[in-house]
């Protein structure tokens, strides 16, 4: 007993003395980034988890990618031609090497696209490119895609991480790439300790000269937002991805750190199950739309870290109409009350808002919405469920109203078609509207940007009026940076691709 | 051996406790032979004492007679009916006729019940099943009269057991035992836990009650002096068997079995002169474990007169052979080769 | 007898005073609260505790008054802990006393079941139950109650084992009493002491468990406050506004302390061995 | 028989008062107890439960738990020193070396988790400064001496591995390991069967005779007293009601309580089956005893004075110190010295 | 003697089988009662999948066969030591659990040590100082420790210590064998948060047990022998008083292990509790099943170890087949 005590005290003392100074900085440049979630797997064609995508950003390349203005720019494809709207020809960069040293060729592009298209792979990226009829290899560095029908969002789809180009031999050796990695990206996987850290090292053969600027990127998994922020403050972390408004607001006042914040592509919506009473009645949906105060919701639920939006994310400036120009832009309690009364709910209405206590589940938004709806005589109950139950209810359409966070897109077709078309894969509103369907189909076949703009402008108005959901706001994408970091840029879809150009002192 | 007037007749009584091993499946690996073949009878109105040292099986015998311990073998004839063969309902009914008085005045009364309820409970149990024709008022009256018979002041009825001294608690226990008007009282060391001055009170009370209610006693004790005072006949037990049985005075003045003699000589006499002059037989060693199976006489290791025969043959309880060490009275039986022909 | 001794025992008395304070707060909360505990107030987000604004414990990230929410939440916390403990105690004690009384095979089976429940990490078990049954107040009660079953089963079994050797049990049997009669009339009243003490411990632990569940987002439904879900939502803003976490935390600490003091005092009073001391 | 007058007293207890504070009030467990013990003497202290006989002996070595117990008055003179006013350290050195104790229940009185050899050796090392090895060897010797077979091996057994009688032998070995002048045996055989009791009493008697150790034998069994003791103190309700040589006490009891006690014992050597005498009533509650003879409510010879005033301790004429605390004999006081 | 202990351990280990079997049965069906599925979680609200893809996905996620068949298959593989493959990460379950086990165990052991090192001396002190004021103060402080919610304490610690580098793990957890000092430094606060409640429990048990033991006859014997107070307390009293403390400590070790869940989450420690939490959130059935089984096994093993330690400390306990100790 006594021996134990002494030993323990001795250890404690040594710890105290050795403590903070115990780790020495190496000569190499290391950037440590804190994130709140661990990657699930690393196979770009298979994973769906947002957290995995953030690693894949740095490990793999796609044919094309978004830049920080949501413009599609070359990645592995140096350039591309679109001879007609059913044919795409990509010219690949030469001398691009996979991390195993082999050069990337058009075979790999063909293999990857086929892998995604194969139902056995069960790739979430398949829906982006189902229109591809065949993939022709023109030469070692040229690939031609033939489509069955026009798809203006094809390039946009190809920029998805789910369509990152992978080497055949590594997949065949490992059945998939979940635990291993062999991309063409600026960084290579060195070590992965699940739920703790992932260390990436610089790819010396990266095709872009001068990139990456650091030798190592270490991802650290810290679930608590407050701890992430504290980590950047204390210097344990160089930067952190934080999505919690309260923490960001705190960090914004802090001179020790820099906060980068810009509206992202994600979109917070208040969605209705249009197949169920009372939301099968358009007037009820519109009443809710009139009652919700976007500004207040943003202030309280996000601490102001976001921007009101319409059906297309405001950040996609090429397409999105500002919400002020759309119907129901202004909160109008009287109108809401009248609409309700017209629908036969003059004496009030009660329904359940399903939400989850996680960030995506929108509990905070739901609480504010609940409060606001009281003003038009709606007694909304919150059904706060665990995230898995939330997803279950979502996929079984077992809800009346729901607070959601939808991943938007810089390209209107890609987001709107699957979300609001009556055959759309993620149309869980059970929304069926002939006019909307018509406009969506039309947008797909039109090729000219100006024509499409007209179509999607009217579609935005129509969707806001028909209100399968109330489009609330786009939360900001936030990064908190320590003093050592420079050169980082935010994309807006969460991508950390610009870490490849980020420097540390 | 026809027991004319025998209220209780016990024959071949054995109580073995299994020694078990194993965790998932429990297997029996041996027996503790707590009672190993006991025969005796108690006549109406008689008091039979069972004496012996701790672990000799006297209490187990009493409990088995009362069917509070499962019998391994043997018969317990109570008024000619074998208690061992009764089904649970019959047994429950039969319990009215034989009741127990326990040793420990502290644990034998439920500390959460008032004295009145403790004494009334047996009657309530039987009345509820319609086996006793007493209503609430009648029960209350009977409780009062029982308390009086047992020397308990009426004012005690509302008190809890812990408010009493040991002697008073023992009186409560006796009143409870009498509640159903039993024929046989099995008293398991009823005065062992009491101080001398209280012990004599209780012994006198029991004697009075015996006379008053014509009770028959099976009286268990380790104190020979107490048993001799209280009982008509005494059976001495050792390692689960009766080694000697005789009338009290006979056992006192003419003990035959070496164990009985040692026991008697070990009892200190409250008389300095006698103590100084008496010759003591001090036994060697301790009582052996009852879980060991043994051939021969159970007492032989500690016996100063053990013969070779004792090691492989067990003596049977029988009247001493005439011409042995002296005259033995009627009903005097002993289990020792010293007193048996070949 | 016991009430008088309770009053004389300083520890128990302190416990009673603390618990009574909470009960008074609950009673008051039925009629009066400083502010509406669920009313969102965009003008007073995360305000510091101040006498001037009347938010003496400050406001949370929705501008709701923390004191009002703590007061409102105390009912939920107390009701949950009482019900869950009662449920666990009823089931557990029933299992335990029968196992102890019947012994042998029955004992083995009943206690194996208790062992199995016991082998589950308690929080995980509660999480499972919550996830299966859904987030309703009564399900929190069930989830927490289940956790207690094995504890009560073990304690009451042990107590029965020691009480059942008492001669008054034999006396009852010799009077022809049935097993149920003996169990409920004689044995149960005599094992109440350890059970009562365990109840007071369980009461306090259930408040902590409810908080843990709410902390993980599985407890009481917002916007209705429970101390646990207040802490849970405070987690995000506590760097900014420590009072959002500190006051609900103290509310828990003091009530749990109250229950513990009460239990400790009860143990002193009811344990006959300690009766002569102090 | 040791005639005690001309042998020096090695222990003198004078006016000892010990009380316990309880929730119900002050329990006066020992009240003005005085007696003396002489070299080689076996002194019996006899009384029923709660009469204060054990507390008296615990008070001698200041072993009464404090609180709630408290020795509030009196002197215990040993070796020219008053143990009650001596320092704790001085008393500690007397314990086990000069005055040893054995207790009623040898199972609970031995530490269950320490080997018996070690428990004996402990005292030897402490009081004789013996080395571990020596002490261990002496412990084995002691075990052998008090008749434990295979002592060498048994020394490394734990108490629960011994039978009741053997355990009491171990206690005795422990108590005698430092050759004390006085052995206080507190109900040493109460938990044992009669045949084992006979063994143990025999052992104590022989050891005392051999080594000249004086013994205070606390018991409730007058038979044991008759067989063992030279002189006796009878206690009732915390007081010594009668003090006499063993023969005087048994053949000429003076106090009504002593007489009642003797008459209520069933005897194996009696002839007839005459009804036992029994003292009516039960012992008094020691809290707030009235200023009266505590035995008065049960006494067949109670007089008016008995209910009014506490009887004085009367020293009687005759052999040895003979005292009685009773109004019946109040006029017969003989001060010897 | 030795073979006896061996046989006892073997038998106790055998008796774990029914318990673990029961646990496996319950956990397997319990997790499937929870609404939601791993497949749903994989798809989330963003992914479109065609009917053919869904067939394939259902096969991959094991939703194409009856649950009973799945159980039998799982049990069969389990008996061969194969815990299956995570539905979330595709990694093997057992190595994933085993890689996190050391941290959780270390956390538990440290918390236990803290509890014992604070609890026992404090408990002894409390039992000796019979001054009512000190006694009450001691008990109130002890009870306060018992009343602090672990997660609240942990959150406050993070709040106050996050400014000091190195005291709060920031996803840079290092194993004990990589850097013992850093490791202990990092785990000190978390284990304090977990251990403080148990310290209070241990203190109370030690105190009560000491009080009880100090009233025992053998303490009187020891004093009558003339032993010094110190020898009486440490040589005689503590040896006995520690026995119930062993039971309580062992009893609570399993609880500590399970209770580390929230703490691991708050302190960002890659332990088993956190794995369990995510597995539940993601409906990663094989991982949940594996973890619950491992924790249950550890729990019963700890109980066994407690019994063994108890038996070593208390010679009265014979490790034979007397069955369960109550």
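By letter and in written order, the chains are A, B, C, D and E; residue numbering begins at 1 in each of them.
In this text, a contact is a pair of C-beta atoms (placed from the backbone, for glycine too) under 8 Å apart; a residue touches a chain by one contact, two chains touch by 3 or more.
Since the model is a prediction, treat every value here as computed from it, not as a measurement.
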Through how few touching steps can subunit A be joined to subunit D?
2
Please report the smallest number of touch steps linking subunit A to subunit C.
1
Expressed in whole Å, how far the mean CA point of subunit C lies from that of subunit D is 52
Report, in whole Å, the distance between the mean C-alpha point of subunit A and the mean C-alpha point of subunit E.
38
On subunit D, where are the residues touching two or more other chains?
67
Touching two or more other chains, which residues of subunit A qualify?
224, 226, 230, 386, 388-389
For subunit C, which residues are shared contacts with two or more other chains?
131, 134, 235, 238-239, 277
Residue numbers on subunit C that touch subunit A, as the complex places them:
38-40, 42, 45-46, 61-63, 130-131, 134-135, 217-218, 221-223, 232, 235-240
Counting only contacts in the complex, subunit E reaches subunit C at residues 18-20, 22-23, 26-27, 30-31, 33-35, 130, 132, 135-136, 139-140, 143-144, 146-152, 155-156, 159, 204, 211-212, 215, 254-255, 257-259, 261-262, 265, 276-277, 280, 292, 295-296, 299-300, 324, 326
So in the complex, the part of subunit A that touches subunit E is made up of which residues?
1, 4-5, 8, 11-12, 14-16, 18-20, 22-23, 32, 34, 38, 40-41, 48, 119-124, 126-127, 130, 176, 178-179, 193-197, 219-224, 226-227, 230-231, 233-237, 386-395, 404, 406-407, 418, 424-426, 428
Under the definition above, what is the set of subunit C residues touching subunit B in their complex?
165-168, 170-177, 181, 186, 189-190
Touching residues on subunit E, where the partner in the complex is subunit A
34-37, 40-50, 52-53, 55-57, 60, 88-91, 96, 99-100, 113, 117, 120, 158-159, 162-168, 170-173, 179-182, 184-185, 188, 265-268, 270, 274-275, 278, 280-283
